[in-house]
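In what follows, a structure is listed as structure tokens, so that the remarks can point back to it.
Chain nomenclature is as follows: A, B, C, D and E, assigned in order of appearance, with residue numbering initiated at 1 for each chain independently.
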Amino acid sequence: MSALLRLDGVEAGYGDLTAIAGVSLEVRPGEAVALIGSNGAGKTTTLRAITGLLPLRAGRIEFEGTRLDGLGSARIVARGIAHVPEGRQLFPTLTVRDNLELGARAADRARRADGLELVFTLFPRLRERERQLAGTLSGGEQQMCAIGRGLMARPSLLLLDEPSLGLAPVMVKLIFETLQRVNQTGTTILLVEQNVPRALQLSHRGYVLENGRLVLDSTRASLLASPHVKQAYLGL
Amino acid sequence: MKWVLVAGVLALLALPAVLSSYALTLFILIFFYGFLGQAWNIVGGYAGQLSAGHAAFVGVGGYTATMLSIELGLTPWVGMLIGGVLAALLGAIIGYLGFRFGLRGFYFVLLTVAFAEICRVAVSNIDALGGPLGLYITFTGNPRQFQFQDGRVYYYIALALMLVATLTAWAIERRRFGIYLAAIREDEAAAEALGVNAFKYKMLAMVVSSFLTGLGGTFYAFYLFSLQPNTLFGIPLSVEIIIRPIVGGAGTLLGPILGSFILTPLAEISRLYLGQGGLHGAHLIAYGVLLIGVVLFLPEGVYPRLRRALARRSGQTR
Amino acid sequence: MDLTLVLQGVVSGLLFGGVYSLMAVGLTLIFGVMRVVNFAHGDMMVWGMYLAYVLATRAGIDPYASFLVCAAALFALGFVVQRGLVDRIVDAPHEMQILLMLGVALVLENVALVAFGPEPTRVRSPLASATLWLGPVFVDVARLVTFLVAVALTTALWAFLFRTDLGRTIRAAADNTYGALVVGTDVRRVYAVAFGVGAACVGAAGALVSPILPFQPPTGLSLSVASFNIVIIGGMGSLLGAFVGGLLVSLAESLGAVFLKPSLKELFSFSLLIVILLIRPAGLFGRRSA
Amino acid sequence: MSLLVARGLSKRFGGLHAVARLDMEIARGEMLGLIGPNGAGKTTVFNLLSGFLVPDAGDIVLDGHSIVGLPPHAICRLGLARTFQIVRPFPRMTVLENVRVGALARCPRAPEALARAREVVARVGLGPRERVAAGALTLADRKRLELARALATGPALLLLDEVMAGLNPTEIETIIQLIRAIHASGVSILLIEHNMRAVMALSQRIVVLSFGERIAEGAPAEIAHHPKVVEAYLGEEYVRAAPA
Amino acid sequence: MTHRLTRRTFLETTAGGAAVLGFPLPLRAQPKTFKIGAIHPVTGALAEPGQACRLGAKMAVDAINAAGGVKGKGGIKLELLLGDTQTKPENGRVEAERVVTRGAQMLLGSFDSGSTNAMVSVAQQRRVPFLIDIAAADPITANVAQSVKAGQQKVQYVYRNFPTGSSFGRKAVQYFIEIFKEANVSPKRVVLMYCNDLFGQNQAHGFQAAHKTANPSWDIVEVIPWPEPPTDLSTEVSKAKAAKPDIIAPITRPASALLLFPEIRKQRIEMMGIVGPGSPGIYESGQIVQLKEDLEYVLTSVPWANFKNPKTATAAEEFRRRSGGKTFDTNSGYSYDAVFVIADILERATALDDPDAIVDAMKKTNYSSGLMQYGGPVAFNELGDNANAIPTMIQILSQKPVAVWPKEAALQKFVFPRPRA
């Protein structure tokens, strides 16, 4: 099976800091892949590089067989990659519905109602909060809204950055169960997450990033058992 | 660099011997705006608090010295200091309100504009201060009255003012005060974390800046012999005060002077060559385009770019 | 105190407030979205007035009709200013942005001087001389119309921002630029459009008030200052704030003129500004940014 | 006697209880680690201690004086210095000038401050780069600079917020050495760190925060195996699923 | 004499093209023209009157040169060195210095009192005779006269051919009284409304002071100043209406006139009429087109051209042509006359290269061919002012401004009280 997304020797950074280097990975259609690693390991940078929010310094990124790098985020999003960023990055003074609809691609505007319906089915809580300003939502609801906004684009690939951050365990559970359903209905997922068991429960495979480099590429079971993981988080 | 500066100052001291009276006048304005720009630079450049109402201090200083001279016969040499103190008092009030209430960026800009406008409207409505008609100073040429038959004396006074402000800025720059101001401008929270009492130092900068600017009011009054609220407290004068240091490089020692040496002659040249024909206003269009050009091509101001260029060149020759 | 006079002061103040509101709405949009303080705002308004003047004198189009054309022309100007100038200095220090807009203001004012000459002028419109009487209180029809159009335009702008995709995208970019990038917004284009819409508002405002407000090239500065006042009082970035702020400032000045020397009336708006800055820096309807 | 004592410290942001009734003590000469998952409230604690935030409730006593409500600069002068998680150098100043700002808190005269700054710059290993503009430094050097600046204020207690984040192992190793040296010179240290290896290696005692509350406290070895800690970090499932 | 020549030579050497820095240039040939520095605000807030002044002065120079220059001095031609104050006092000084350095032997200007007073210092410092064409603030000349009297200055170089603020007021009150008498009405309540700027305040204070002195049968019941330029005058007019006026006495600028007169009509104030102590510009064709019926029957006291002088109509026509349709008025007219007064002075001066000789001739001026309406020949009193510079009461009748008072200036009989619509 050919890869949906392929990173090849990607290098990116901020100013004079090189955040990631030589990162090569691939995500196949229908998969859920976890990208794990400690703070500052370069996970977020990798996602930003994919969505074109950060220019590449080296390497290439292919999506559905065509090159993405250098396109700019607007065009990349239009190709079907949705990014649910760390910290959610909602529009706090806009309503939940506005936030969601802003996620829809321009071309999809006609099918926006279907998209909303889909999101509201996945997250009934959002339907209740449809007219509320996003800034007034609880943390978990904000995360739902952010994921919903990503799904509105009907993406073939969904990038998720730390969806469990700062959430109570119950909420984390709910979010991950929903993500699982999303994945099962055909959306490919690349997930950055520090809640390793949660991440691995969802994912088929995982990559471990350490200091901007991939150190491990493995399946769920072997990752769970791997000392790398515990080491990365607890320094043991 | 040091020797270049010393040579420059010596040249400026000797220059009146060969200058025409007109050129002398231009230099006087260059020095005067260099002085006002340098005074502004202390709070607007070094401390990064963009005051756009500095005309108010010129106005308070000028009106004070003039009223004291007209009503009480007090020599403007003393009136100048009293005017400076009153301007500093106004500066302290504006600074206190702005800094205590945490007004940053454009909010501070507009607070200062509002204060200057309030002064303007108030003075326009106080008959004892001449109202909009203003105050008219009798030309006597008497040095005790801060007046001189020979234009060169004004030249040296304006030069002295510019040098005093520059030396003040220089002294501030190398002391704790100046280092703290620069830290506040760069990152106020980080400065606080390093023990910098940002409020106190911003206040001090405002007071020193408004005091010096207030001194300029006396020079303005006794060089141009009349004061009107619209010219002395108006926004156009505030703009004149701030554009020179910004063009030259805000927060640098030589920026305001460089800015004044660039903009004053350019304004004059454009008026000379474009102001004579039928297109009244063409020279101000050119001036506006020039300001836009500076922003687009020298976004840090002229001096920082010049300094880097010089450093590169001396690096290459070595 | 003469009660009729007070009543008349309130009516006149509120009606003229429509002019102020219209002026401030465009500025608040530009600031709210891009955090750019448009020092050329008043000069853009004066250009709106001159365009209306040209259309009225050359083509015989009444400003109450031509304001749409003026809005379109100013949209283009605003778009170009944002795209060609402001956008290029986003990383420069704050003072440079001020300098840039001052330069733009200087150019606009003096191009107007060269093109139209220094005489104060006004656009004649049959509406401008009509009046209505409610007992002893008179209502100026031109100001009433301007007031109503101000309400309509503010509502239309509100509808644009809150009911259209582009408007929503503009609000989103203002709210969280990074978030907008993440969802694939071309933020630079959105900014240029927002600047254009803001300029279009003030262009329309200029055309609409050209029959009741005499103008000449230097008028821009005082209009800019008045607009800043209103926008800060109402809350930067808030449409409702700009609208209510306009009415409030006008009312304060009108009542100031009733009770005190009218030449002191500007003191009211500036004092109001300082009080607001100190007790509620985000303005009456603004949200305090974190 | 404890150098710093915090009692019942609480801070809410809107509905979020960022720090809840936290008690904490730092002994003179101690190196204390403060850890917890992202969003646990660690940086809020730093902001409360250093005066950038005023607590809703609770008291903070530094060296016998209550410092609640004091502005950051005053707290700094009482001997508590901090670094920022996202480094905040003064970008247009050189390394030396940056550190001199801190040094001026102890030596009001600029030349002495400069001498002190030079000494501190050398101590953190930035000597060769002292004339470089801070904005042009690499991340590792900026972190070092952040440390040097705080150190130059002559603190009795140093609050370090993730000084190792984003650094490579070699760089981390040198920073660890540096922190050890600073500690050895008599400065007490409170350390927020995600790099567990480093925090375990450095700290004498560790406090663990989760959702604004202290869930554990103890020696590094105990903490690493404390079930609540493992759960906070890796989730309840991990505790069940993974081999210990 | 020698000393002065050397000084002049020095000036010449530093003049000319090196305009900005004034570095020495090769010595020029002896000047074939007499240079007059004509400085006016042709940009900025006062650009409109400033441009009119400049054109008036240019026209006069053209007329004099076409007629053979200053005949008594070998037909030397006049040349204007133009300056723009941008309505800023400092530029009054800079421009004066520049034109003097470039060889101007006299100064002319400069409309606004601030710039004018800045030019005074240049005139006194550098001994350049200065004829103020327009600027009404009393102290400008009075201060110099006082300084000469006190012995602080030797010679007064500054003279003014324009009514001062206080004389404006005196004349206006006088005209009011005379017109009411002539019309056989006795209004009681006058509301004074004025723009609170330099010009308006000067006029209003002069008017109030003169009213107090004259103590006529009418009272100033309300004084309403407004900030200039105003954005809205409806409340001001309501306030005037509430004072139940018989007469509204407005002092407007062109911009405020556009607001005030329509507002007065719209608010339907019952009164005898509008009689202003001074409103420049309301008579401009542009203003009349704008204001139409709102201006009809409005009386105002302004310096006005004497159309009984046949030359005036010719000059007015030329001005209309060269200005693109504007009225030959206070500004253009006084600048025009000022140049002719200068030519007259030069004819009589014993030497053109001696400023003091020019001043001597200036003091003896007795010029009666001016195009403006004077109360007598142009002559300068001990303060340096022309006491015969007086305003004229004009009225807009059938959409045309017409001189109606004093009687010797009147071309038509005034219509007052105004007829009811």
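The rule is short, and it goes like this: a contact is a pair of C-beta atoms (placed from the backbone, for glycine too) under 8 Å apart; a residue touches a chain by one contact, two chains touch by 3 or more.
Please read these numbers as outputs of a predicted model, since none were measured by experiment.
> According to the touch definition, list the chains common to the neighbour sets of chain C and chain E.
Correct list: B.
> Work out the mean Cα position per chain and let me know which chain is farthest from chain C.
Here the answer is chain D, farthest from chain C.
> Quick one: which chain's Cα centre is the longest way from chain B's?
It is A whose centre lies farthest from that of chain B.
> Whole-Å distance, chain A centre to chain E centre, using C-alpha means?
76
> So what's the Cα centroid distance for chain A and chain C, whole Å?
43
> Roughly how many whole angstrom separate the Cα centroids of chain A and chain B?
The separation of the two C-alpha centroids amounts to 54 Å.
> So what's the Cα centroid distance for chain B and chain E, whole Å?
That pair's centroid distance is 34 Å.
> Using the touch rule from the top of the page, what residues of chain B touch 2 or more other chains?
Where chain B meets two or more other chains at a single residue, that happens at 121, 124-125, 236, 280-281, 284.
> Counting only residues that touch at least 2 other chains, which ones in chain D make the list?
Residue numbers touching two or more other chains: none in chain D.
> Could you check chain E for residues that touch two or more other chains and list them?
Within chain E, the residues that touch at least two other chains are 43, 47, 51, 196, 225, 227.
> When you check every pair of chains, which ones turn out to touch?
Those chain pairs which touch are A-C, A-D, B-C, B-D, B-E, C-E.
> Can you check the complex and tell me which residues of chain B touch chain D?
Within the complex, chain B contacts chain D at residues 174-176, 179-180, 182-183, 186-187, 189-198.
> Show which residues of chain D lie in contact with chain B when the two form their complex.
Its residues touching chain B are 50-52, 71-74, 76-77, 81-82, 84, 88-93, 97, 100-102, 104-105, 108-110, 113, 149-150, 152-153.
> Across the complex, what residues on chain B touch chain E?
It comes out as residues 18-26, 29, 121, 124-125, 127, 131-134, 136-142, 147, 149-151, 220, 223-226, 228, 230-231, 236, 265, 268-269, 271-272, 275-276, 280-281, 283-284.
> Flag every residue of chain A that touches chain D in the complex, lowest number first.
It comes out as residues 16-17, 19, 38-40, 138-139, 162, 165-166, 168-169, 172, 194-198, 201, 211-212, 224-225, 230-231, 233-236.
> Write out the stretch or stretches of chain B touching chain C in their complex.
44, 50, 52, 97, 101-103, 105-107, 109-111, 113-115, 117-118, 121-122, 124-125, 235-236, 239, 242-243, 246-247, 250, 279-282, 284-285, 287-292, 294-296, 299-300
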